[in-house]
Each structure stands twice: as structure tokens, then as C-alpha cells.
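One chain, subunit A, appears in both complexes that follow, with subunit B as partner in the first and subunit C in the second.
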Partner chain A sequence: MTSTEAGALAPAPTQRKRPIGLLLVAVPVLLVLWLIIWPIIAAMIQTIWLPTPDGGRALSVSSYEFFVNDPYSRANLAITLWTTGVCAVLLLLVCLPIALYLRFSNSKIAAYVQGLAIFPMFVPSIILSFAFIRVLGPNGTVDLLLNSVGLPKIKSPYLTPWGPVIGLVWDNIPLTVLILLSGLGNVSNQAIEAARDVGAGRIALLWHIILPRLSNSILVAISFAVLGIFSSFTLPYILGPAAPEMMGPFMQRTFRDLFDPTNAITQAVITFGFCILFGLFYVRSVAKNRTP
Partner chain B sequence: MSASAKISQPIDWTGIVFAVVLTLVIVVPLLVVGTWAFTNVWRFPSVIPQEFGLKFWYQTLARADVWSSITMSLTLATTVTVLSAIICLPAAYAFARLDFPGRDILFFSFLAGHAFPKFGLLVAIAGIFLQLNLIGTFWGVVLIQLVGTLLFMIWIPVAAFQAVDRRMEEAARDVGASPLRVFWSITLPQAGPTIAAALLLSFVGTFYETEGAWLIGAPQVRTLPVLMISFINNQPVIQYGAVLSVLLWVPSFIALLFARRVVNSGSFAKGFGA
Partner chain C sequence: MKRRNFLISAAALTAGVTIMPRLAFAAEGVIDVYFTSDQNVIDFWTNVVKPKFEASNAGITLNLVDGGDGAGVAAIGDRALAALASGTDPQADLFEGFDTRVTVDGIAKGLYVDFEKAGLSNYSKINPLAFDIPTNLPYRGSQVLLAYDTTKLDPASVPKTWADLVTWIKANPGQFIYNRPNKGGSGGNFVRRAIFEANGNDPTKFTVDNFTDALATETLTPAWEILNDLAPSLFEGGAYTSGNTQSLQLLGQSAVTMIPAWSDQALSAIQQGVLPETTGLVQLQDLGLPGGFTKLAVLSNGTNKDAALKLADFLLTEEIQSAVLTELGGFPGVSWDYVSADLRAKFADIIPASIPTFPGGKWETAVNDGWYRAVAPNVDPAS
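The block that comes next holds the complex of A and B.
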């Protein structure tokens, strides 16, 4: 989590360059180099500089060729893209109305709605998975209630591709609402009143005044959600189907159960490739809030 | 609010609809889990449990694997938080107060991990750990969780140190206080509450960290969330999972009590790039 006061990294007061500062920041910086930068570089090198049968290593793209030509790997990538896309759309459809309501309402109910929308942040996804199974799983609460009024049981989303979708949307509601709400803070009441004065309706107001000012926040919220959902592990592992599986469980199984680090790391590099634009955009937005 | 203002306010139907839907979707599932935890018998198709009771609390708390994973989770979270504080707080102070070559670029380098999908990065790190024989070890999990705490254990305290009133520090220096004394008596008390919040976040975040612990640690290092995964997948007795869920939620509840105000403030969302 990156909660911070969104202040600038103000210029340090001491004007002399004092290398002692370097010494104080050395350990965390070295950790970033060793455990973030180096693994990413190593992953790319390792997957194209493959061992050869005679004991040496040679440049080769065979592990990527295997991924592209393997129907199962392709199906896993497809289900991941589908899940990420559906979640992103659903998140916007759910969170934008909530954020709009919270921005323009100051009733007591609004405080309750805001509290509820943020609450999932304090529910670990593992507890969410368990609650999902108890409510929507076979003989869960929904089945109990339907049965008690004589209706047939639902077709449970548990262990189908919709299982992770429901779980991931639930899990991502708080931050999406908060980011959109923060963006809506930039829409001034004057702009809205001015548009109302010239007779703009609700839809026109939303389309011409609010959405253009909100587009950057929407992109940030989507980028953050995509980065989290594309390689999510816990929810798809517990709630999703065994095959095809999302990239998170797929990488985990390839690495730990099939003892095939090369192919697992190849899959990781492929997820990096699909997310790189979202990642760079997201990091740029976070950094912009910290610089003057 | 005066009586006339109350009358003139129309009923907030949109709000009521949102409140009802969100209650059904967010609160009810958790209440169902809570109910299961205090249920001795609940057979289909009864809408309410046949028998309430604490039977499964005794049974769950009598299991050795539950206690060993509680101990493991607490040990891990404490170790990671202490290590993170030792290496990050001096660094945060340096970023806030000292000028040194490469200060800005190093400050933003902590964002690097957030440009990549997390589990992919974990797999890449696991590739490195494989060569170092850190897979399945306590310290392997400590390292991977430590990396996860760096960003906010540096960025939040930097903001805290920057918010300290410099005039008070200078005044203390003017009347002859040593730099160490100024840090101890002026700087730390003012920055303290924010730093405490960062430590709490770090502890709770590490306590629930599942993916690194599962990829690097399992099955040798079994934390509470990892045990919960195996309960969900292999345990036919529903109440074990329900009781464990209630136990698991305790640190989050404590965080909820302390963090509500921080989360609701605009600066929190800005930290996520909003």
C-alpha cells in the first residue's frame, strides 16, 4: 500500500551534499535492486538464454514458442484477459455511481454508504473466499433462502470463471471508489452550477462536465485494478475452475507442482508484457503526486 | 439540524438503494461466516442453524496446526515489521532531512515493484531464491514480505518527518540541546503517531500476506492464511474454517479501528495515484 501524505518531496534543507544520507538509505535501496530490479532483468535473461543439452547456454526463444504453441497456456492467458476485462468494466459500472452519489450527497445515509464501500479493504481476501463459498456455493445461504420459498437452487458461480470475477470485483471496490471520489473532488461545484444554469440535464452534465474531468482518475483506477487482477492468485486459486486457470495459479502450479521454473518465469515475463503500459502509467501517476 | 431543515430535505432514495444493496452484498456474507462459527449443527435445508454453541471453538483451538500457524504468523509479522523499521526509518529520515547524490531517483525507486503485476514479480523473485536455496525457508518468506513493506514504510514516515515543525527544533538547538536530544524530545513525538500507523499497516499487511508465503514458504512455513487455504480446499467440517476466519479477522479489526480516519481522508487515495 502506498498511503502517504501527498506532499512533495520537498528540497532537503541542508544545502551541502552530505553522502552520509546515502549510507542511511543504502540497505532498502540495495533490497530493491536485489529483489525487484535484478529478478526482473534475470527473468528476461533466464528465459532467452537457455541451457543446451551439451551443458552450455544459448540464445533461444523456445520457452516462449512453447507458451504460444501450447493450447492450454493460451487458454489460461485468454481466461486471464477475459477476467481482467470483465472485472474492469464491472468495477467501473459499480463504483462510478457510488462515487458520484457520495460526491453530491451529504445525507447521513451517504456516510453509511461510504463506510460500507470502504469496508472490504479490511476483509482479507481469504476470508472473502470462504464467505463466497458459504453464500453462493452449493447449499449456501442463497440456496437455503430460495429453497425455503420453494424456488430451485442457483447455478453456483463457485469453480466457474465467474467465481473469481465476483470475488475480485468485491475486493477492488474500496480503492476504486476512493480513487474516483478523489478525482471527483476536482470537479468544482461552480462548473456544475454553471452548466445547470444554461439548462444542462443530468446526462449532459455527466458526459460533458464530469467525465472529461474524471478521465485521468478513471485511468488510474483501472490501471491499479488491472495490475492487481491480471496476476491475482488467492481468489482465482480458491474460487476459479481448475482448467483453464488464471495466470496466477498457473504460474504457481508450474513453479511449485511441476518444478519447472523456466516455464513459470516465462509466464511471468508474459504477464509483465501485458501489464507494462498500465504499470508505467500507474507509477507515473503516483510519482506525480509526490513531486511539485 | 433545525426542524424546518429536516422537513425540507427530501428522502434520499438513491442512498437507501445503495445502502440496502451494499449491506446485502458486503455485510451479509460476513454475518453468514460469523453465524457458522457459533453453530454446532446447521443442516440443509434449515434457514437458521439447528443448534448454536461454542463446540467448534474448543475443537478448533485444540488443533496443533492452528496454534503452530498462529505462532508462525505472529513471529513472521513481528520479524518483518521490526526489520523493516530498522532499515526504513533511518532511510526515511535521510530522505526527509538530508541532501545526497541521487536522492530523488532513489526515493522513487521504491515504486519499481508497483509497475509490475505482483504475482509475476513473486515468481521472478522465486527464481532467484531457488538458486539460493531459500524456497521453503522462514528467511525466504521474511525477505519477500520485507520487500512488500518497503514503499509505505519509507514514504509514510518521510511525510511524517517533513511535517515536523522545524522552528521548534531550531529553538531547541538555540537553547543548547544536542541534535540527539532534539530528535528524541521534539522530532520523534511529533512524527510518532504517523510512524506508528505505518508500523501497524506493515504488521497487518504482513500478517495477511498470502501469495508470497504460499509460493515461497509452503508447505514448510505455514501461516494462518495458508492454513485457511488448506481448510477451504480439504476440510469437510465447515465450522473449522468459520472459526479460523473469525480469528483471522482480529488484526484487520484492530487496523479498522485505527485506520478509518486515515482512509477516509483525501490524501490516502492520492497515495494510490488518484
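The block that comes next holds the complex of A and C.
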């Protein structure tokens, strides 16, 4: 120990720092436990510990049975899954080319493209919704433009399941592009140039060099977007059809308009169950990223 | 690099703004009013109520806050109930367009002022039809009517009975839309009118206390049949907007020819140019579309409770009640004897003596749930 003083001294401070580090982490961890984890557990208990007619409470899964056996609730869950899936695919199709362009372009236009791609982040979804009705709604701007050149009107997606899809994809572009862009930082220019030198075409480059390094970011981006879309409220509420409705508006309506907290919380727990699946994808890919 | 730096700092800034703690304390002499009503009502308060009240009550100002919708203000109510339990400041004084029943246990725990005991000098002037429970103070009324585009539909041939309306909707598919009954009263009261139609046009059949599941099934099922029968002839073969404003927008964009709309909202929309001047308004003559009275609640634990009660009393004066008629396009909350005589004469022919109303409480829940299950999916219940 004494012979290598420098080496022996070095670990000591880290030993002493450890409780301070834990203390620093304790505040957010306790906050998460108190404000997020505990309410989730309390809500779950509330849905299976139901009041009985004689005034007591008993273990029961009747609210879940109701959800599973109710075609209306199932249709709402199905449309939510459909919307989320379609949005995820569309987001990838839209955002990957933008991210690739931004990563590899050196032109001045790239700055404007990036500005445009980030812009939706600063638009509140309620404003987006009403702008959407003005532009893509019946007799909206698009119809006016088409009409001025003698073309027929579009079939408006407003109040159909495609309304929220278009709105949600637009709304989620910035986050997805940013995450993909950061993932593309892992792709070194040397690797690309080396592949080009041995004659790799554009498709081969994308498939063998870029995508393998990007798969993690794609997973993260999609799980982030999916988590937000699955429980979204404003856009499906304003732009979507009255029925089937997505889980967000459905929960809110059950809670506030039907005064039925038990079923609303049951819907929330089921929604949470699906979101936790997507969340696991995210956690897994982050963990995979950490272990070298 | 600049681009990326900008992005990082912008992202950090956004995050910072969102998580910044919002510390606010109710100020003495500033009445915090939360609204569930639409923008036209808030405009009315900003332009009429606020200046008049502040002029006659030096030292008191109004802070008008748009609570979004019923749920938004209900959340403030829940917070106030929590504040009552812990003896802290609820940071709110008065709720506009709010039913005190919504806050679970709120009335029982004395969160809301009982107006029967509050000693308002104008309390006795309130229209007897408008009374609900003592913690709800009715101060204005409104009724749903039909708004239509006179360039597409001649006012001479506009439908004036329910039967004519149904014939017109079916003869002009895609030209009529109403909003979801829980997302705004214009569609909600159109649905309630259909319920009256299915039950002999007799509003007295429905009271707050007579709800039973059996009666609901018996009275509502035929109404869902009427509405399902209309659905294929509605806009897009059965689409329903998600609010009063969205319906007005579709009429304004000339996407439909006729919508049900609140009288006050339609009038101010025409005044502001949201709806064109060629918009016509008509009320059904066999039985009008229902309406209702908008209520206020005053928090018993608000910092400015006394000032808020003064404001509530002020709203019932002839000055404001007449302005409700002339500026807002609504109906007074007081009996007609308490608005100025010339206004009474002017509106006597236009406004029906009675507004059919439909009870809230369990009936409302049954209507909302039933409509979503039976009408909104646009399916044939028999299949």
C-alpha cells in the first residue's frame, strides 16, 4: 500500500463519495416512487379491490371482465393499437430519410430543413388540430387550391381514424428525427468512405453500414413515439371519429362524463400494460447500449 | 455545429420552462374566476362585467382564467377541496359554468357557498325555473337553435318542426352535423330534443329524481333509433364534431348547411365574422331545442370570498342581466320582470316563454354513455 501511494490514494475518495452519490440520486428516485410508482400501485389495487353491495370491499376482477367482454371497449383498444402501429411505421418512413439527409448533407438548405423538422415541437397540439381542420378539413385550404386549378376535392381525413394519424405523425417528427440524428452520429464518415471504396452502392451502404449501427436508435425513437401516441388525447379527441375512440379520450370521458372512476382506472391500467411493453423495449435497448 | 448547439440549448430551455415550479398565491382584492364556458362568454366578462364591476368596486379586480372545459375547472375544484382539508389557499374564488355536484364530497364538506344563506340582495329575482341546488347560482340562460347558411337554404323553406327537419336532413345528405353530446351542449341538446321527440315531446317526463335503468332503456332506446336513422344522412355518413366550436367552423367553411348551435355563441360568431352575415337562425316551433341555465359557484375558503359574493350579486343586477341579452345573446338568469322594459318588449316575440330543459345527474350519464354505444359507432343495433 505505502509503496504505490498514488495508486492507493485514488480509490479512497470514491469510497467516501458513494453515500453522497446515493443521496443525490435519492431525491429523484423517491419522487418517482411517491408521485408515479405509488399512484400506479394504488390505482391497480383500486381496480381489483371493489366495493360490494353490502358496503364492504372484496377482491374482484369484474371491471377487467367488463372491459374484455365489452365490444365497444375492445374496439377502442383496437383502434388505439392500429393508430399507434400506423403512426410508428409512417414516422419511420418519414423521419429516416430526413435524418439521413441532415446527417450527410453539407448544403445550406439543410439548416432550413432541420428548422422545419423541429418546428412541430413548438406548436401546441390544440393549435395544430384547428389548423388541420382549416387546411385538410372539408373546404379547407387544400380543397381551395385544388379547386382553383380545376381538380376535385380531397376526401377529408377529418373525423376519420386517419385524422389523428396525420396529426400525430406531424407532431412526433421532431423527437424522432432528433433521436435518429443522434444515432447517425455513431456512423463514422470513415466507415462510409471505406465501404464506398470497395464499391458499395447507396442501398448496400444503408443496409450494411448505416442501419446496423442505427437499429438501437430506431428502437428508442419508436418506443418514445409509441408511448406518446398510445396515450395521446388532444389530437384523437378533436380530429378523430366519435367512435371508436382512442384510449386517451375514452378514459377521460369515462372518468369525467360518466363519473365512473373504476372503469376509467381499469382502462388506464390496461393502457399502462401496453405502454410498459413498449417501455421494456426502450429499457432493453438502453441496457444493451451500456454493456460494451 | 451551430445548428446542433442551437438545438441542444433550445431543448434545454424547453425542458427548463416546463419543469419550472409555478408558485402563485392568490392576491387580496383579485378575484380569481375560472371559466368552463367558451371564449364568447369570457369575452363578455372581459368587455362588460369586468370594467363595470371594477368601476363600481374600487380596489377589487377580476382575474379571468379560461379553465378549458368542465373537467379543467373540476380539477381546480378538487384542488380547492384538498386546500380546504389542509387549511391552505385554494387560489380560486369563483367558478363560472360549473355544477358543484361534480366535486365529490365538495357540497357535504362545505366547499361551496350556500347561496340561500349568503344574503345576496338580488337572489330573489332569479327565475324560479332556473333554480337547481342552493350551491349553484344561475345567472344566465341559453338555448340551442339551428344555424344555417341562407345562401344554400332559403329562409322561407327552412324546417320549423322536428318532422320537417328530419325530412330536410334526409333530402340533403351530408349537409347536417351535430357534435358529440358530452362535448358541448349544442349537439347534446339536439340529442335531447330527439329524446323528447321519442317520448311525446313531454319534457316533464324527465326529472332529476325519476331516473331508473328501466325507464332509461324505455325512453332512450327509441331516441337512439331516431338518431341512427339520421346517421347515414349526416356529414360524411355519420361523423360527429368534438365540440360546439368545431361545428361552427364546419358551417363557416361551408362544409355543411345546417348545425345546431347555442344562441349566444352563434350570435357572437356572426358579430365577429366567424360565421358569415348570411347565417340564418331558426328555432323549432313544435318544441324548441332544449337549453339551460349556466351556474356559478363561489368557494367558501377563497381568499376573496366576500368580494366574489359581491360579484355574484352584481351579476344579477338589471345592468348585467340586460347586457346578457344585448351583448351576449343569451337569456337572463333573473325573471323577465327584472330586465329593462324596452328589452322585455323587444325580445318578447323572439324568445319562447319556456325553455325545455333536460335533467342532469344520472340522466346525463345515461345519455352520454348510451349515445356513444348505440349511435356513435353507426351500427344497426338489430344486427
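By our rule, the second predicted complex is superposed on the first by the 245 of 292 C-alpha atoms of A that agree within 3 Å, B and C clash if a C-alpha of one lies under 4 Å from a C-alpha of the other, contacts with A are read in each partner's own complex, and residues count from 1 in each chain.
As a working rule, a residue touches a chain if its C-beta (ideal position, glycine included) is under 8 Å from a C-beta of that chain, and two chains touch if they have at least 3 such contacts.
Quick caveat, the model's predicted, so the values are computed rather than measured.
First (subunit B), second (subunit C), both or neither: which does A:Val25 touch?
first
Of the two partner chains, subunit B (first) and subunit C (second), which one does A:Ser125 touch, if any: first, second, both, or neither?
A:Ser125 sits against subunit B, while subunit C stays out of touch.
Contact-wise, after the overlay, does A:Leu258 reach subunit B, subunit C, both or neither (first, second, both, neither)?
Second partner only.
Using the touch definition from the top, say if A:Leu159 reaches subunit B (first), subunit C (second), both or neither.
After superposition on chain A, A:Leu159 lies in contact with subunit C alone.
Is A:Ala242 contacted by the first partner subunit B, the second partner subunit C, both or neither?
second
Of the partners subunit B and subunit C, which touch A:Trp170 in the superposed model: first, second, both, neither?
first
For A:Ile40, select first, second, both or neither according to whether it touches subunit B, subunit C, the two together, or no partner.
Only subunit B is touched by A:Ile40; subunit C is not.
Could you look at A:Leu178 and tell me whether it touches subunit B, subunit C, both or neither (first, second, both, neither)?
both
Do subunit B and subunit C land on any of the same subunit A residues, and which?
Shared contact residues on subunit A (touching subunit B in one complex, subunit C in the other): 110, 114, 118, 121, 130, 133-134, 139, 178, 237-238, 252, 256.
Write out the stretch or stretches of subunit A touching subunit B in their complex.
Subunit A reaches subunit B through residues 1-7, 9-22, 24-25, 27-29, 31-32, 35-40, 42-43, 46, 97-98, 101, 105, 107, 109-110, 112-114, 116-135, 139, 141, 143-145, 147-148, 170, 175, 178-183, 185, 217, 220-221, 223-224, 227-228, 230-234, 237-238, 247-248, 251-252, 255-256, 261, 264-265, 267-269, 271-272, 275-276, 279-280, 282-283, 285-290.
Using the touch rule from the top, collect the residues of subunit B that touch subunit A in their complex.
9, 12, 14-16, 18-19, 22-23, 25-30, 32-33, 36, 44-47, 87-88, 90-91, 93-104, 106-121, 123-128, 130, 143-144, 146-147, 150-152, 154-156, 158-160, 162-163, 166, 201, 205, 208, 210-211, 214-215, 218, 225, 228-229, 232-233, 238, 241-242, 245, 248-249, 252-253, 255-256, 259, 262-264, 266-274
Show which residues of subunit C lie in contact with subunit A when the two form their complex.
3, 7, 10-11, 14, 70-71, 74, 180, 182, 235-236, 239-243, 246, 249-250, 253-255, 364-365, 368-369, 372-373, 376-378
In their complex, what parts of subunit A are in touch with subunit C?
72, 75, 110-111, 114, 118, 121, 130, 133-134, 137-140, 156, 158-160, 178, 237-238, 240-245, 252-253, 256-260
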